[in-house]
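As written, the chains take the letters A, B, C, D and E, and residue 1 is the first residue of each chain.
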Amino acid sequence: MSSMALEVKNLESWYGESHILHGVNFAVRDGEVVTLLGRNGAGRSTILKTILGMTSRRKGVINVFGVETVDLPTYQIARLGIGYCPEERGIFGSLDAQENLLLPPKVSSGGMELEEIYEMFPNLYERRNSPGTRLSGGEQQMLAMARILRTGAKLLLLDEITEGLAPVIVEKLGEVVTKLRNKGFTIVLVEQNFRFAAELADRHYVVESGLIVEVVERADLKAKAEVLNGYLGV
Amino acid sequence: MKSFKFWLFLAILAVAIAAPFFAYPIFLMKILCFALFAAAFNLLLGYTGLLSFGHAAFFGGAGYCAGYLMRDMGVGPGGAIILGVLFAAALGALIGGLAIRRQGIYFSMITLALAQMFYFICLQAPASGGEDGFQGIPRGELFGLIDLQADLNLYYCVLATVLAGFLFISRIISSPFGQILKAIKENEPRAISLGYNVNRFKFLVFILSAALAGLAGAVQALVLGFETLTDVHWSMSGLVILMTLVGGVGTLAGPFVGSLVIVLLEHRVGEIGNFLAQITGVNWFNSLGESVTIVTGLIFIFCVMAFRRGLVGIFTKKQ
Amino acid sequence: ADPSAVKIGFITDISGLYSDIDGQGGLEAIKMAIADFGGTVLGKKIEVVSADHQNKADIAASKTREWIDQDGVTVVFGGTNSGTALATSKVAAEKKRIYINNGAGTSALTNEQCTPYTIHYTYDTVALANGSAKGMMDKGLKTWYFLTADYAFGYALEKDATNVINASGGKVLGTSKHPLNASDFSSYLLQAQASKAQVLGLANAGGDTINSVKAANEFGITKTMKIAGLLVFITDVHAIGIQNAQGLLATEAWYWDQNDQTRKFAKRFFEKMKRMPTMVQAGNYSSTMTYLNAVKAAGTSDSDKVMQQLRKVKINDMFTKNGYIRKDGTMVHDMYLFEVKTPSEVKSPWDYYKLVATVPGEKAFAPEAYSQCGNK
Amino acid sequence: MEIFGLSISALLSQLLLGLVNGSFYAILSLGLAVIFGLLNVINFSHGAMFMLGAIVTWMAGQYFGINYWVMLILAPIVVGLIGIVIERLLLRHLYKLDHLYGLLLTFGLTLFIEGVLRSIYGASGLSYSAPDALRGATDLGFMVLPNYRAWVVFASLTVCFATWYVIEKTSIGAYLRAGTENPTLVQAFGVNFPLMTTLTYGFGVALAAFSGVLAAPIIQVSPLMGSNLIIVVFAVVVIGGMGSIMGSIVTGLGLGLVEGLTKVFYPEASSTVVFAIMVIVLLFRPAGLFGREK
Amino acid sequence: MSLPETILETIGLGKSFKGFSAVTDVNLKVARGAIHALIGPNGAGKTTCFNLLTKFLEPSSGQILFNGVDITSEAPALIARRGIIRSFQISAVFPHLTVLENVRVALQRELGTEFYFWRSGDSLNVLNDRALELLHEVGLEEFAHEQTLNLAYGRKRALEIATTLAMEPELMLLDEPTQGMGHEDVERVTELIDRVAKGRTILMVEHNMKVVASIADRITVLQRGAVLAEGSYQEVSKNPLVVEAYMGSHGGDNL
């Protein structure tokens, strides 16, 4: 089965007056893992936010599991089966860690169980009764990732999930993503950590100034190393 | 651009100097006092990010204090105003000293609470005259030189005072001190980590703002010849917020425009209503005079919904 | 100004707390008086301007100033709220224009802050307190407990009433001071009840009076004590509702159902305003008439001459019999102590009062001898 | 036996009265706390909504002959609907801005609503009496307690605790609390937050209206009846901790008691005691008695 | 008088939150002039340590000595004025000031005119050159007059470092200075830190092992609030405990 999970055509987006995306095109098939790479400020996070309708204005075509979503409100888009892990983490201080974890409503069946998640992130189990924002930076990052695994969302938009995490945890996250991928999740990953991304993704998109300027298939990685280096300085 | 502002300022000044020959001096003086009051308030809200809901205490408090000194202690208007300002500053130190330790809405609520306590003190104190108001404040002579009985003399003295207040505020805003205030408004923990004791800054600016509000109040008491509970009631604190909001928060000209609009409205709503009825033919406008609160409420709603940058904001372009 | 023209300024609370007592109704009363007078005086049309002072003294004062200077207003009628009244009175005196107040309580208008041009027409706190206290004492109710609003107005009422009570052998057993605009009176009422006094004197006004009466009923205090409202308007009784208000004693200067004259006026007023006039609105009518008559008699609207004339006449109209204006500006007239009827006694809407006692003007108002007013 | 010159029975009765008032504060401040805690709006028009509750009740009785008991349910619904309209048309657009704007908008609304009703019904008030079933009083031995007051305590406490349960113990409550901090993110999880905020505002306002109905028989029903109360209720919410549900309930009751005692021992201070307590509490517990520090 | 060899020392430093102890008995010695890295798994207590050192949190136990002086009981602003300046883990800038003004706020303190509300704002222009110099160092020169709000995340971090540098700190505490930056930026900032470290001392928390390996003179590894190991990168990275708890199989070198 290889229908489209996400299809983005000529996507434009604005924050207030500033025009950030200028016509982004890309598509992700069911079960694929793709990354969005680019410099700071290139607009990668904005792509994810725009898909969910979280910028002030947008234009173009966004198909999520075959449903056209440009005119839908955020919550309805999310209910199509999207799990979003924002770059600023978005942990709720008025809820404790466990409440944070249980917060996102289930959007379909097949989400992970609480025990499974705690097993994956033992730190969270230990701190489950602390107010969310009292967790350490890295713990908050784990929590943000963990809470969308429960919901049964099949399309995950992950923004810089390795940021600020200890190398051991990054390694573990790599395993998690691999596992999710094997389970059939579709994942769009925004990453700075190229090494991390390279091992996981089927395809890489390079974003610059609100446009996709390069597509690199997994197989072509070696061949295009030079090009990538030019864009990213790897 | 700068020279444009300068010419604009001169033009306004010229209008202000000529105004008493065309309009009521007392009415104009009231606008000036409220403008200074709103500017003092804006120093806190617009430039430091502190919403005080108790500024009426300084305005009215200084008015009562100066009035008492002039009527019952025989102090001249100059001295009484200075002492009134000092009183407001001291009250500001007291209220500010307690309030600045808390942030955001808690700050607003503490100022409201303390000002409310001050209101009840004014209400109950025999010296204030309660509901009768503190009446019969004599105008006297300014430093034994200028006879303030004449409205025109008084007007120019008030204009000079208010102008000085305005210039002082604009200096504070652009001063090194003002720069730190902006930084505190933007990100307080960062300002602390850069070694600034933010509470001291807030304390100082609170006192400055209270003192300037006091100056406005004391001058107003002199102008009107009485001081009443209206000036210390919380609705006065609400009114000064409205003036600032209508004019434009965080702008220099905003408070002036705002006070002009609000004072005009308070005094002229009936006439405005009749005028509207005449030009539109809608009879309902004639009854506007009975409904100042309705109109004020609508303006509030309108400003908040459509006009958040205030009247001044509409005419100045976005950067 | 042209001394033959008459232009009336009317400034009162039109949109606030006291607007029912005076407000639009007050303006209507003045207009009725002008119409009844014939609409012209000394061959000129009589005009009225009005404004809402929103209970702010500065607005009252500056409006008045402007009217006198710009519009050539010859007389200013002022309404409720003492602060605005005193401020307006000062401005009027400074400009040598007559100021007639209906509705402010403060006796300072004709006492320490009197002016040669100020007339206090309907009532003042002294008359109210005296009226209540005298009336009750005469009925043999001698021990009192006061519920007093904690500011100058409340103190003044309580003090004046206490003087009368002490002078005629009564006793004040206690006082509870309550904050202005309180919503709950039950704890004061329990204290009052415990004092075992015969009369509960309410030295407060408006919402405070209404809330205290409502609570007094709930706690059954009306069964053991008589409640005397020192300042109660018929609109307050209306707001309390007859069920709760019955038995309440109220001092008023005027009531619509006193005689044919009052009923006639009230009926015409009711047709226009859909409610019965208060004593203040009646006062507005009467004082306007009195003023216009004085202008006519003096043949000029010059303030000094009109004042002279005003001090000469006896006032006999729907408002009072044999009233007169004293040198200090007090209009001396009878005050009445009413008791609110029981629901079964009420025959028609607004039929609230039965007369308990009449306190002659000389006894109700403060003796001129004690006044600190300079122009007595 | 006497304590501070007051007999035990007098003291007990004063405490009981304090509790009655406290339950009023509790339910009023609860509505404010719900709206602030969940929508981050300082609802200045709460007093006006309280007043609307009472006036709607009066109107229904006057024009349609609908009785008190029906209005106890109907008035909150009517006023809640008004609240929903206000939220949809106006408040909605202000959530992203500073608290200040919500406060100012509702302040303006208060002036407007009060002004309109005053121009229709006047300022002196409308008469409304308790339903027959609740007239009369019960002798408790140390005092005579009017039945209506007992009913007020019962009704408001029941509503208070039901509200507390929903917000603190159910998942709807969790969405609301999370939405306060970051509404866009909560929507990104698939929660229809706009609808929830609308309903929450409607509910908070309905609570105010409910207390208005409760108050109608015992205090002056007039367009301005809410404005005197609102400042004190604000103080209650702040002392309890802005947005803390339990805090506003407990503080409401507690302050009723303290205020009651002040009325006995030092009545001059009874109007200021709440504010004094507020200042002291905030100095020692910056987020209020039950608030969470941010 | 020569200054002591150890610029910062903690003795038995501890902090617990409602029974949970985030930091226990940490004895840290930071040598003058060194770049000292504090690493450890997430939640080990690194940020908490920083918070204790700058008094954003009150220590539950222990002492902090700066240049031999006990500063345990001093207020945050005073500590900053002693020369201990920190950056935040989560970006901290003044969003509505321009980039230049951001730096100037930090530079302003040395003028000593911060309370002069009567002095003209032009008196601050003397700081512009120095501010631009600092912005140049972090590559933000061209954004000098931009509103800080409009900068991308990585650039805000760079600005924060510039601001911190402006304080001429004797001891600089950097909490994950390269977090969220692209590769070029990481390299530039690493270089920058190395450069500015001359003549001052740096204590930094960093998860990027490449950065740590290239510039840190000494490393302390925290785990569960306590010191697990200490030494040079070579020593620490070979320590099996550290590998297990923190570095993982790639030796932390995941870039």
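Assume a contact is a pair of C-beta atoms (placed from the backbone, for glycine too) under 8 Å apart; a residue touches a chain by one contact, two chains touch by 3 or more.
These numbers were taken from a predicted model, which means no experiment stands behind them.
Peer 1: Hey, what chains does chain B share as contacts with chain D?
Peer 2: Common neighbours, chain B/chain D: C.
Peer 1: Using the touch definition from the top, what's the fewest steps needed to get from chain C to chain E?
Peer 2: Step count on the best path from chain C to chain E: 2.
Peer 1: Measuring between mean CA coordinates, which chain is farthest from chain E?
Peer 2: Greatest centre separation from chain E goes to chain C.
Peer 1: So what's the Cα centroid distance for chain A and chain C, whole Å?
Peer 2: Here chain A and chain C have centroids separated by 75 Å.
Peer 1: Calculate how many whole Å lie between the centre of chain A and the centre of chain B, each centre taken as the average of the chain's C-alpha atoms.
Peer 2: Using C-alpha averages as centres, the distance is 51 Å.
Peer 1: Report the inter-chain centroid distance for chain D and chain E in whole angstrom, where each centroid is the mean of the CA atoms.
Peer 2: Centres of chain D and chain E (C-alpha means) sit 48 Å apart.
Peer 1: Could you tell me the distance, in whole angstrom, between the mean C-alpha positions of chain A and chain D?
Peer 2: So the centroids are 44 Å from each other.
Peer 1: Taking each residue of chain B in turn, which ones touch at least two of the other chains?
Peer 2: Where chain B meets two or more other chains at a single residue, that happens at 120, 124, 290-293.
Peer 1: Spell out, as numbers or ranges, the residues of chain E touching 2 or more other chains.
Peer 2: none
Peer 1: If I count partner chains per residue in chain D, which residues reach a count of at least 2?
Peer 2: Within chain D, residues 115, 118-119, 268, 271 contact more than one other chain.
Peer 1: Which pairs of chains touch each other in this structure?
Peer 2: All touching pairs, sorted by chain label, are A-D, A-E, B-C, B-D, B-E, C-D.
Peer 1: State the interface residues of chain B toward chain E in the complex, per the touch definition above.
Peer 2: Chain B residues touching chain E: 171-172, 174-180, 182-183, 186-187, 189-198, 200-201, 204-205, 208.
Peer 1: Can you list the residues on chain C that touch chain B in the complex?
Peer 2: Those in contact with chain B are residues 14-16, 19, 23-24, 50-52, 54-59, 61-63, 65-66, 69, 81-83, 86-87, 90, 106, 108, 113, 150-153, 155, 179-180.
Peer 1: Would you tell me which residues of chain A are touching chain D in their complex?
Peer 2: 52, 54, 73-76, 78-79, 82, 84, 86, 90, 92-95, 99-100, 102-105, 107, 131, 148, 151
Peer 1: Help me check something: in the complex, which residues belonging to chain D touch chain B?
Peer 2: Going by the criterion above, the answer is residues 42, 90, 93-94, 97, 99-101, 104-105, 107-116, 118-119, 231, 234-235, 238, 242, 268, 271-272, 275-276, 278-279, 282-283, 286-288.
Peer 1: Note which residues of chain B are touching chain D in the complex, please.
Peer 2: Within the complex, chain B touches chain D at residues 51, 98, 101-102, 104-106, 109-110, 112-114, 116-117, 120, 124, 234, 238, 241-242, 245, 287, 290-294, 296-301, 303-305, 308.
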